[in-house]
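Structures incoming, each one as structure tokens.
Look for chain A in each of the two complexes below; its partner is chain B in the first and chain C in the second.
Presenting the complex of A and B:
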């Protein structure tokens, strides 16, 4: 099934007891975009991803991924998406292959060996195939994390704070990888971040979330164009954020 | 089916690589394997003392061990299952669900089209296979040592009884492991995932029998079961709570299979209580696994 929009959310609200984590969120992401959802800690970024990846259900509102409704067609949504959570540890006493083999089989791939090798080759990580995850740095684990997320060839990839905790070299490598996934495999990428530098270097669209409300969504080019010529994205972010505080 | 097979294989591999349950598995294996030797040493020492007393003309009573069943030597195994086997099962079960939560693989699994029921069945089947494997090693060791002690192999009837004891012990440990599995899914922290089932086990093993039978706690470490008695209000308490004396019911069943004490009669209550516990623990933990899977662990 093809849809005009890769991701569409309409009037999504999520409440936990008396706390509203998301309030009337409406956003859309076209196929092939890299969408960066910006916001402070606790703004509702992870809740947004949790709802769009079917990990949790919204209190009200509706959303579709690749045209599939997240509540009525969760199976089709899960087939369309890959997800890398903020901090993934894996089964540390198992090797890269054993971890990926298990997750691939749970994704429904019957004989995943060739696919795992193909993915690891794409990630330039094939030499670590038989190494245990316990010996890996955070950056290497993130690479395996991307690997597990794309094993079943999803069209949309959700990344939750993908560069969090990485050293500068790891950040650069992961950024290159995300660009490659978007350009070479044509994946639509939805990433949560609070790092403006990441958005500037990677994203084509941005959204800003504040206290559970989406206060801004536009393309990166239009965003930069609509503010003062000398403004950095940081200045723009604080202008938008400040304007919505008043 | 692919989920069941993948989870089964994954669980066997993980248990083999994971360090924490290995010590208690080793203790269990050693104790159950040498229990018949310990039983034989007991018989030999008592018989030696008996012979000395007889030679001094102090008694004419028959040797208390004359005519005891060949599986009598296995009596200590009963208590090793109740104590070490149960704790080993709790650790195995809890580790299985904690592994997913510690590795954050539960989130990765929940974003895939995975039948959580098939997955739980695969995981519990793997635990069952590990327990069956351990039981098999312990039984083979017992058969060999009884053969050496008696200088004759076990009869077919005794062999069947031994296998039945192994099956009943395996079922008890699998049921307890599934409780550990359920607590591992539900508990907020790693510590409480182990603490809650251990406290539950202690209540079932010591507190309830002590209340019902007024037996000294140390006496509950005997392989022969404590007997529930009472009249009036005490009798109604016995009737109400005796199904909860699961370890004592297990001892009754084991006694009957191994012919340890012929004066003890196996009751329907023991069989029904034991079977109900196994069924409840297995079905309960599987149904909980679908609902509680993916709960966040407080680090």
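Presenting the complex of A and C:
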């Protein structure tokens, strides 16, 4: 199924008891974009990803991913997306291959061995195929995390704070990988981050969440163009954030 | 391969690797096998004594000798069944609990839930996996027990005995599955693992120990070791006649006991294995007729807890929370 928008969310609200985590969120992401959702801790970024990946149901509103409604077609949505949680956890007593084999089969791949090898080759990680994940660093786990997310060739990839906890080298490697996924495989990427530097280096579109409300969405180029020439993205972020505090 | 099969196979693989599983199963198996071995050894001595007595007789005396004593080797499984009732239920609960709690505490449930599968498939896969695990464990325990009866007890088992064993095996499998599914249900539903353990242990205490104990205490025949009526020299026919005067009391006692799946399982297993004197020579169809309601109740309770677990799995937060 093809649709004009990779991600479309309309008036999404999520309440937990008396707390509103997301308030009337409306956003759209075109195919092939790298969308960065910025916001402070607790702004509602993870709730947004949880809803769009069908892990949480919204209190109200609707959304489609690749044209599939998240509430009426959750299976199709999950078939067409890949998801890397903020702190990805694996079955540590299993090898990379065993972990990916299990997850690939659950993604509907019948004989996933070749696909696993292909993905690991793409990630330049094939030499770790038979190693147990328990021996891996955070950066290596994140790489396997990307691997499990793209096994079934999804069209949209959701990354929740992908560089969180990585050392500088790991951040650079992951950034290169995300760019590669977008440029070479044509994946639309939706990433949560609170790091402005990530957005500057990776994203084509940005959105800013504040206290559960999307206060800004535009392309990175337009955003930078619509503020003072000397403003850095940090300046722009605080201007937008500050304007919405008043 | 369906998603349910993939998850079931993973569950079996995890069980094989799990040290906790190995420890629990070894403990349970040893407890059962030692009890059967001890009972078999005692049974073997009786058989040896009887055979020695026979060989000491002249051919003439042998014709007049006492008829061969009625020894029912399957009754040697009595303690083993009791261990299954108590320890087996507890361990089945722990294994069901672990099956869900480890996914949640490790955070791997997020990976599962982000796949194009439903929570129901995940739960069903785990249930089928646990069923397969219990089937294999019980098959090994039963086979070893039969081995002890045949070799240590020198007992002789006929085709009918193997049929009785098979029925008791299936009953035990379903009984243990009930406890594992129950654990999955409450662990999936409860926010905190500690709450799930508390509810589980309380339920286990009430169902496995308290209710059967109250039922046993209310049984007049249990008031004196060896049986009240037997100690007073009252015949079985008179016992039934006496008990008919306490019909309401007996209905009450029975009503209480049947609320416990443990007691239901015990009744069925004891009847089919001939632990209860009344049934050790009865045909399978007679026992099945007498305990049809209990068998149906065990099946219904297990299916019911399974259906409730499936309904709980619809809940958004099922499997997802991470707690300690």
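The criterion applied here is as follows: the second predicted complex is superposed on the first by the 246 of 246 C-alpha atoms of A that agree within 3 Å, B and C clash if a C-alpha of one lies under 4 Å from a C-alpha of the other, contacts with A are read in each partner's own complex, and residues count from 1 in each chain.
Rule of thumb we're sticking to: contacts are C-beta pairs under 8 Å (C-beta built on N, C-alpha and C of every residue); 3 or more make two chains touch, one makes a residue touch a chain.
What you see is a predicted model; the values in this text were computed from it and never measured.
Visitor: Using the superposition on chain A, tell me whether chain B and chain C clash or fit.
Guide: After superposition on chain A, chain B vs chain C: clash.
Visitor: After superposition on the shared chain, which partner residues are touched by A:72: those of chain B (first), chain C (second), both, or neither?
Guide: A:72: touches no partner chain.
Visitor: Please work out whether A:26 is in contact with chain B alone, chain C alone, both, or neither, and reply first, second, both or neither.
Guide: Touch partners of A:26: none, neither chain B nor chain C.
Visitor: Which partner does A:135 reach: the first (chain B), the second (chain C), both, or neither?
Guide: Neither partner.
Visitor: Report which listed segment of chain C has C-alpha atoms clashing with chain B; options: 62-70, 134-142 or 242-250.
Guide: 134-142
Visitor: Kindly list the residues of chain A that each of chain B and chain C touches, one partner per complex.
Guide: 53, 55, 75, 78-79, 81, 83, 85, 87-93, 102-103, 105-108, 110, 148
Visitor: Within the complex, which stretch of chain A touches chain B?
Guide: Going through chain A, the ones touching chain B are 53-55, 75, 78-79, 81, 83, 85, 87-94, 98, 102-103, 105-108, 110, 148.
Visitor: Note which residues of chain B are touching chain A in the complex, please.
Guide: My answer: residues 2-3, 5-7, 10, 13-14, 17-18, 99, 102-105, 107-114, 119, 294.
Visitor: Please name which positions on chain A make contact with chain C in the complex.
Guide: 53, 55-57, 75-76, 78-79, 81, 83, 85, 87-93, 102-103, 105-108, 110, 148
Visitor: Using the touch rule from the top, collect the residues of chain C that touch chain A in their complex.
Guide: 1, 3, 6-7, 10, 17, 106-108, 110-118, 316, 320
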